[in-house]
Amino acid sequence: MATANDFSFSGLNIPRNTGNRVGSNVTLLNVDQIPGLNTLGISLARIDYAPNGGLNPPHTHPRATEILVVVEGTLYVGFVTSNPDNRFISKVLYPGDVFVFPFGLIHFQLNIAKTPAVVFAGLSSQNPGTITIANAVFGSDPLINPDVLAKAFHLDIKIVNYLQKLFGGNSE
Amino acid sequence: MATANDFSFSGLNIPRNTGNRVGSNVTLLNVDQIPGLNTLGISLARIDYAPNGGLNPPHTHPRATEILVVVEGTLYVGFVTSNPDNRFISKVLYPGDVFVFPFGLIHFQLNIAKTPAVVFAGLSSQNPGTITIANAVFGSDPLINPDVLAKAFHLDIKIVNYLQKLFGGNSE
Amino acid sequence: MATANDFSFSGLNIPRNTGNRVGSNVTLLNVDQIPGLNTLGISLARIDYAPNGGLNPPHTHPRATEILVVVEGTLYVGFVTSNPDNRFISKVLYPGDVFVFPFGLIHFQLNIAKTPAVVFAGLSSQNPGTITIANAVFGSDPLINPDVLAKAFHLDIKIVNYLQKLFGGNSE
Amino acid sequence: MATANDFSFSGLNIPRNTGNRVGSNVTLLNVDQIPGLNTLGISLARIDYAPNGGLNPPHTHPRATEILVVVEGTLYVGFVTSNPDNRFISKVLYPGDVFVFPFGLIHFQLNIAKTPAVVFAGLSSQNPGTITIANAVFGSDPLINPDVLAKAFHLDIKIVNYLQKLFGGNSE
Amino acid sequence: MATANDFSFSGLNIPRNTGNRVGSNVTLLNVDQIPGLNTLGISLARIDYAPNGGLNPPHTHPRATEILVVVEGTLYVGFVTSNPDNRFISKVLYPGDVFVFPFGLIHFQLNIAKTPAVVFAGLSSQNPGTITIANAVFGSDPLINPDVLAKAFHLDIKIVNYLQKLFGGNSE
Amino acid sequence: MATANDFSFSGLNIPRNTGNRVGSNVTLLNVDQIPGLNTLGISLARIDYAPNGGLNPPHTHPRATEILVVVEGTLYVGFVTSNPDNRFISKVLYPGDVFVFPFGLIHFQLNIAKTPAVVFAGLSSQNPGTITIANAVFGSDPLINPDVLAKAFHLDIKIVNYLQKLFGGNSE
């Protein structure tokens, strides 16, 4: 029998550690954390950004749109539309600003202030999924054949090898 | 051609006026406020609660689940399941607590502290709709035949008349 | 292996007992009664109304639209739209009249004739759910804090206590 | 602005004329008859059957499941499952019996009593569509090449020609 | 843990045996053949047609639209719209031609050349289902009462008996 | 009034020009090319690959799963799952092999033979969209701030500038 615990979660007020390479930390509450979300089509996230460049790097949610509100900080955010236009829609956000990242599009947020930033975000799925582009492309397990990536990204094979060493075995 | 303005909104950091009868104020950003949400299946709200009993009164969203996070304050929240059980699932929430109100169920939030409260909430539709029970039942335009309400709620007809006078012509 | 029994049900021609407080009786055939309905997105109901005021009291279906046809009797029916308009759309129905209650909205039917009434209704879900407003609000298990209801419905606390005694422990 | 007329229809109590070749008459109320059904995912039908063999001939609804209740009469009904089993699930129905015809499957109803029969049916779409097999196959406009039908149904070409003459130019 | 085998299938380049009564052979890869398709909403088919009249006889997919491309051969294809129009939309297709058969409608393909024909087709469901009209109508298990079919198709009962003998017990 | 032209397209048998930087060419037939696909949930593509390394570079479809069949050639294909695993599921495909790229995941195909390759693919949307990762990330219009990309991909800013010059203003 369902209880309040199946529909709740605590501690989203506590700043997360952003002492990692990109300087950001996503706390996503999906159906794995809140079982009562099953079939209900929504989830919630807190994202923390380190001062001076904390970045939630370019990523997509394969099964969700995201809408966020800035609680604290100054963020440069944007998304890129599909082929053939690849239009980049961006904005600098301040506390109280809201922004939408449409279903499946590549998007990111960058902290451009000298203080930490925090947002809350709703996502339109109980299991939105996240694909961090750099990690999926250069850090998959096993690695993608480096020739594919060198050709796709027009990069020297040595740079691809370097990136695969960096991102590989590390789904950060 | 779509621009960043179609996907954004500002000012959700500003406390709303809660000087009304119930002592709460919902600022919902749906597809009417953010046209870029069209077909994307999500919206976002800020809710302010007055100290000492600010109440977001019992209501439903006919087309959405809601998930909220408490930014500030102490809230007694809950929802009631469908017939025949009508189970009341409730909890007292503190800053950082998250709670889910499943699709279509009656729910409310009450500020039980001496200070204001604020939450942010995601809703799983670009047009969730809100039905405030008291207003829909006793304050519709035109009014429902009072005999229906007297019988349904087992209330004296005078009390129904009083409530219809109070809620009628006023969708507060 | 599925058989005809998984897709059928008998006895919907038999008048139901309407000798209860509200004077109505809903016989809903959903996926629990007809297992073959699983995933098929529809269910069927018969509703009986006592003469002289039999009432199917204000309620919502959290997961369905309802369309009914009057087989016998005279019914005053209606639904209320969402905030902020709370428009009440109503009509008196006679045998052969059809009426639609849109997804998730509060609606009711009242027998205004001196003879019994009967309708058949289709609902757009194999598990539509029903939330009887009075029972969910005043008769939940456990009860909602009466201060919430007194404030929400602008009722004296004594009346709330009386209603909770009346509806509580009785999900009729 | 929507009114009650957008959500209602009258006259479904009046027996329909069944003096046609198959001896049945379907009165479907979909979004064309009741504009308020738009996007709401349901419609309603009355079907009349002549005594002694009135037949609602084999047909499918490309966008809906159907659930019916017998108001009057005795009906032999059934549907056929998909390849490779083509199982025929059938039953004789009496007043008060309910039967489900799953999404997209071929089904029919035959009046096997000496008196008229009537059913009401819910369909899980505001625009379910109906494909009467004999009419679509042998009476399309223009006609299908008769060689296709002779081969598909293993019929002599003369019989196909006869059927096309009979059903063609007549979507009965 | 999922592997590439869960998402793949081999051998769709091999011509299928079309030495059957209708002279065609459908190889459908749905979620039963490729388990990774679960919930993903698509499947793929190869269809082979014998020279001089190989026919994929009139059928529907209760849960899918189909889009095909001709790899080899010349096909006369078409579908019939719903009641009341029953419009027959048809075309002769050559290699490289693409054609759409909308959700749930009756359609067929006939090889009108002296050489074999082959198509590949996408279907908009991981489990589209197929209802071959002749087999479902005349070859169900058990058989439909022949009186129903005689009346529905305006056929002499002897012809119905003959067809039921032919198609029955044989879901070809 | 709809005609066969609204449901068809010609010329998908003609090899496309693969003389571009990546050595591949996607011909997607969606609702823009075939208006009859509207609301029907499917589309079809032909993809040509140049010999010796023709690459359909890493991309996603924000609104579709893809299933392809190899008509000619030898392809090394794969997709990467979501965080945190980023598992790379890959396979070498020969003529007649089929492979599924699940909804929204990054995937690619590489021609590893000395001859051209061709596939046909079904996609589970009438408007699947395509996001070519390199073009969206490094070639958007306007360009993303290079600091974001340098940090996200751990690349020297000069390499980012070089890539943006290469991909920018050119949605290839």
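Think of it as A, B, C, D, E and F in the order they're written, each chain with its own count starting at 1.
Here is the rule we go by: contacts are C-beta pairs under 8 Å (C-beta built on N, C-alpha and C of every residue); 3 or more make two chains touch, one makes a residue touch a chain.
Every value quoted in this text rests on a predicted model; they were computed, and no experiment measured them.
Q: Give me the step distance from chain D to chain F, shortest route via touching chains only.
A: Contact-graph shortest path, chain D to chain F, evaluates to 2.
Q: Show which chains lie in contact with chain B and also with chain E.
A: Both-contact set = empty.
Q: Farthest from chain F by Cα centre, which chain is it? Let me know.
A: C
Q: I'd like the Å distance between the centres of chain C and chain D, where a centre is the mean of that chain's Cα atoms.
A: The separation of the two C-alpha centroids amounts to 30 Å.
Q: Please work out the Cα centroid separation of chain A and chain C, and write it as a whole number of Å.
A: Chain centroid spacing, chain A to chain C, equals 44 Å.
Q: Report the inter-chain centroid distance for chain B and chain C in whole angstrom, where each centroid is the mean of the CA atoms.
A: That gives a centre separation of 23 Å.
Q: Can you pull out the residues of chain B that are in contact with at least two other chains?
A: 78, 87, 90, 103
Q: Tell me the shape of the graph of touching chains, choosing from line, ring, star, complete and other.
A: Here the contact pattern is a ring, one closed loop where every chain has two partners.
Q: Going by the contact rule at the top, pick out the chain A residues touching chain B in the complex.
A: 2-4, 7-14, 29, 34, 36-37, 40-44, 46, 64-67, 69-71, 78, 87, 89-91, 93-103, 120-124
Q: With touch defined as at the start, can you tell me which chain E residues reach chain D in the complex?
A: 21-22, 53, 55, 57-58, 60-63, 76, 78, 80, 82-88, 90, 103-106, 108, 110, 129-145, 147-149, 151-155, 159, 163, 166-167, 171
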